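Chain nomenclature is as follows: A, B and C, assigned in order of appearance, with residue numbering initiated at 1 for each chain independently.
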Amino acid sequence: MTRYLLVRLYSMALTMLGLTVLVFLMLRLIPGTVVEQMIGADAIASPAMVAELKRFFGLDQPWYVQYGRWLGRLVQGDLGTSWRTGKPVVALILERLPVTLELTLFSVAFALVLGVAAGLFSAVRRDQAADNVTRVGTLLGLSVPVFWQGTMLILFFSLYLRWMPPVVWVDFWADPRRNLTIMLLPALCLGTASAANIARTTRACMLDVLNSDYIRTAAAKGLASRIVVLKHAFRNALIPVVTVVGLQIGILLGGTVVVEEVFTLPGVGRLVLWSIYQRDYPLTQSTILFIAVLFMSINLVVDLLYSYLDPRIRYGR
Amino acid sequence: MLGSTVVVPHRLRWSRQLRRVTHSVVVVAGAVCVALIVLVAIFAGSIAPQEPDEQNFDLVEARPGAKALFGTDRFGRDVLSRVIHGTRISLYVAVTSIVVAMAAGGALGLAGGYLGGAWDNVINRVLDVFFSIPGLLLSVGVAAMRGPGVNSAVIAIAVVYVPLFARVMRGPVLAEREKEYVEAIRALGATRWVVALKHVLPNVISPFVVQGTVALSQAILIEASLSYLGLSAQPPTPSWGNMLNEGRTYLETAPWISVFPGIAIMITVLAFNLLGDGLRDVLDPSAQ
Amino acid sequence: MSEHRHPDPGHLSRRQLLKAGGLTLGALAVGRAASAQTPKLGGTLVSAQATEATGLDPQLVPALSRSRRSPMMYSQLVRFDPDMTPVGELAESWETSKDGLTWTFKLRQGVKFHDGQELTSADVKFTFDRLFEKSPGKSDFIAVDKVEPAGKYAVKFITKEPFAGLLAALGGFWGFIISEAGIKKHGDLNKAALGTGPFMFVDWKVEQQLVLKKNPFYYKKGLPYVDDLVIRTIPDEANIVAALRTGQIQHAFIEDNKNYNLLKEEKTLTGYRSSRLGYDYLNITASRGPLKDVRVRQAISWAVDRSQVLRVAAAGFGRLTAPATAPMRQWQLPEETWMKYYRPDVERAKKLMAEAGQSAGFTVKCMVIPTFPTMVAGAPVIANQLKRIGITMEIENVEYAIWIKRWLAHDFDMTMNTTPGYADPDTAFFRALHSTKGQNWNSWSVPELDALLEEGRRTMDQKKRKEIYDRVQVQILENVPHLWLFSAETIDFTQSNVKGFKQHPTTLLYGFEGAWLDKS
């Protein structure tokens, strides 16, 4: 297990390195720099001033020097300072991370509960009307664009139920009830597609397992069918579901960008978007790297969990 | 799979699969929907009642009614016509990007899986980098890099999906490579390329095609997201995503601007999902 | 001494007011009429803004979003009150020398910065030294040679030539006074503030909120009334509308004017509408292809129906305007003089196009910044109107950062543009239109206009200046460097229990100083 872990970490490190190159180059290929943003259109900026600003941000250096400097600071753990706000990138990310994590967490929870329940329901009533309806439902869930869903939900709630979620953000610890009302719609939107995926996987796995020999034998032996389902089939079906859930968390992290934009939540996703528009290179680079590390770590944890759960893997292939 | 491999002539296998495909209700339903949507896209000019950017100041923000079935927006433009024309953008971006991704990714995966060794390693490492960020973020970065526009969206989505298709191709290729019949053909003197293209490829194409259809539906969603963020088709060219973006500030006064493009996206994605689902059930029942 | 005298609104008939170009500049309160009450102290006022400031330094950040926030933390030597009369703020009084080259400002005594230090002439000198060294805003003060203390509480501004626009510059976006101690302590004032304004900086979470508290040392005794002021950034105006309705915020500045209709019926809210100094316009680069010909530019002007653009871009809340907008009271052209250029005349436009040899039409590109709603809304309307005379206008959506780059390089055919406006016509027109000594935004050359602009800058006599700038405006209308499209109304909303809030034609937030919360 430890060897596997080490190999994976080494792999991650290499990937991160490659990513730094990719992100660095990609950003610098976007036209326009932070200097133009700062000068604005309405004022005279002497070439000397422009040059001074460029020098201040290190933009006058050749790209490999800029890259080297950034990388050097990175390995020391210094994520840099945001050009637009002057705040350390770490501070900005940490300010917003709880929002994104909370959103992801609630979405996963919602998706898990709804998805597993729907999948089980569907599997147990295979090919009956209920199953078909659920299957169409999951397909619809996969087909709905997240930002439109958000818009429609807001419209529905405000027009017919005369209710609007509070617009001013509060922390969970400051006011749990308010915070949850704010999170309700976004988590619903973000979690829908995942719920659909989880439902489909659960259904497929359950069907596989329900049809397998040992379950049939147990049922023939006369145990109550419900116990059969819950105890035996479920545990075995769990394994692929865990993988799917893990994958979903990664996908959700990406989806938070759009959902945060629609519901104007102060999360990391919107931070990245804003920093790209502001050409705030240190902020963009470090935040994307941060998200990538998070993403890869989650995948690593899921893989470890998977190998822990599946005894075939745990004891060597 | 039990025991020996049986080599089945390709012709027979294709016709068998084709029969299974046409007998599945799900596939047929999906295919018909997709065909209809494609027709709408091709004949948008003739089907749409108005020009998509024709402004009509007598009919600004009009409710859906006889004069405008889906209502009009703040310039008096007909929402129905714009939704119809938006089909072109969505299909163009989705099909182009996924076809490119399938070709490039497939080639990479085939090369890596079949050639193995150092090639495989290097290709894998590079693919890992692209897998390390959430896809949407990557596509936003690529689109921003090139400048907003329809072709930027194509490139951005292609970049996101190339690694996926490479992986999808690589796995089965690795497995096939080990099979006995490949050894046999090589022993008979065939070059690596011949073996790869003529023999290995046809056996791995099914999961690839299934992934392709599913990817198409995802590509439509990603294009809509990019449009919504302002990175794909630029106004006044109508795309479903940018119509939703424009409709944002009119939710209270003219919600129809936001409702109909969303429904269009949903129906299109659903159609491709049905097709993909059906194909998967028929062609590749072992895959999840 | 250029003291501007203006007609007393109370003694003029409505018709005369219209003639002077000044519709009601004060607050048009909708809802319960504000009665004269005694202001109550205390409370927290939460204001929502859709656009976050990119930094708070009053000398380094050019964006309007920064300038709007500056009056809360900083003061100017001279400020313009809501009807654009210059009023002494940190300066008690001022006088000009006979040759017009030296202005002496007497400073108020006993004014304290937020750290308790007293304001002296050294601070003013430091402010302007830093401005000339580092600030993009030095262009407002281009005619100023140096700033010297004349004793502890007096400052001299020495100009290279007579500069009538000095007061406008001091009361403008770049005239806020800082202290050397503040720079020493913070390096720059982007994330902190040290000024003499009514509110002190407490904390700033970017894209979330700026928290300020009452300045106990404020030199205007008794002000401000509220204890805490929170400026919240809520990027989506639909959310701002919702927040106003549900009472989550006390004040909001509305950027998308059509939202006025959504809120005007709300009984719990008070709406404010007034004329804005700023305006939206269409810039033309007069060195590109067919645009070189003045007849083509005139044709464009005759083909565009500005009322229609106003209707779509600002839901009709605004007005058509001459180059000098309504709040520039002393500079108003009589309405008959400029309005006639704005009556759309497609036939005339077509004739001009034919005369210029362009009856076949041509294609141009027009830049639009996607995050500016009036630009996004106005451009398609104009494109449609220009089609009628054979011009195909392709809309290019250009992100702000890239737009600035191309703007500075004059790399565009046409572009939509919006400006917060200028109090003095010299600042408004010289830099933009002079072909050699300014920035020449249009890449053109009209020698008579150059001469007029130079004369206007040098003249100190108000009457003479008015004559000169009247002619400047007519030249602009005839030669069409830009199309003045419209001036949108400034719209604010507060909860009905917020009293004493005043709008300002520049949209800068001077209005919180006198605002108070009625608890009853």
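Just so it is clear, a residue touches a chain if its C-beta (ideal position, glycine included) is under 8 Å from a C-beta of that chain, and two chains touch if they have at least 3 such contacts.
Source: prediction; values computed, not measured.
Participant: List the groups of chains still linked by touching once subunit C is ignored.
Facilitator: one piece
Participant: When you take the mean of every protein CA atom shown, which chain's own CA mean is nearest to it?
Facilitator: Central by C-alpha mean position: chain A.
Participant: Of the other chains, whose C-alpha centre is the longest way from the centre of subunit C?
Facilitator: Farthest chain from subunit C, going by C-alpha centroids: B.
Participant: Tell me which has more C-beta contacts between its two chains, B-C or A-C.
Facilitator: A-C
Participant: Taking each chain's centre as its mean C-alpha position, how far apart are subunit A and subunit B in Å?
Facilitator: Taking the mean C-alpha position of each chain, the two centres sit 22 Å apart.
Participant: State, to the nearest whole Å, the distance from the C-alpha centre of subunit B to the C-alpha centre of subunit C.
Facilitator: Once rounded, the distance between the two centres reads 48 Å.
Participant: Taking each chain's centre as the mean position of its Cα atoms, how many Å separate subunit A from subunit C?
Facilitator: 42
Participant: Give the residues of subunit A touching no fewer than two other chains, as numbers and ranges.
Facilitator: In subunit A, 31, 158 touch at least two other chains.
Participant: Listing for subunit C: what residues touch at least two other chains?
Facilitator: 236, 399
Participant: Any chance you could list the residues of subunit B touching two or more other chains?
Facilitator: Only 248, 251-252 qualify.
Participant: How about subunit A: which of its residues touch subunit C in the complex?
Facilitator: Within the complex, subunit A contacts subunit C at residues 31-34, 36-45, 49, 84-87, 92, 95, 158, 164, 166-169, 264, 266, 270-271, 274, 277-279.
Participant: Touching residues of subunit B toward subunit A in the complex: what are they?
Facilitator: Residue positions touching the partner: 125-126, 128-137, 140-142, 144-145, 147, 217, 221, 224-225, 228-229, 241, 244, 247-248, 251-252, 255, 258-259, 261-262, 265-267, 269-270, 273-274, 277, 288.
Participant: Could you list, by residue number, the parts of subunit C that touch subunit A in their complex?
Facilitator: Contact set of subunit C toward subunit A: 54-55, 60-63, 134-139, 142, 188, 190-191, 205-208, 232, 234-236, 239-240, 242-243, 245-246, 248-249, 399-405, 407-408, 419, 431, 439.
Participant: Which residues, counting only subunit C, touch subunit B once they are in their complex?
Facilitator: 236-238, 241, 256, 258, 261-262, 308, 311-312, 370, 373, 376-377, 380-381, 383-384, 395-397, 399
Participant: What part of subunit A is in contact with subunit B in the complex they form?
Facilitator: 11, 14-16, 18-19, 22-23, 26-27, 29-31, 139-140, 142-149, 151-152, 154-155, 158-159, 201, 204, 240, 250-251, 253-255, 257-258, 261, 272-273, 276, 288, 291-292, 295-296
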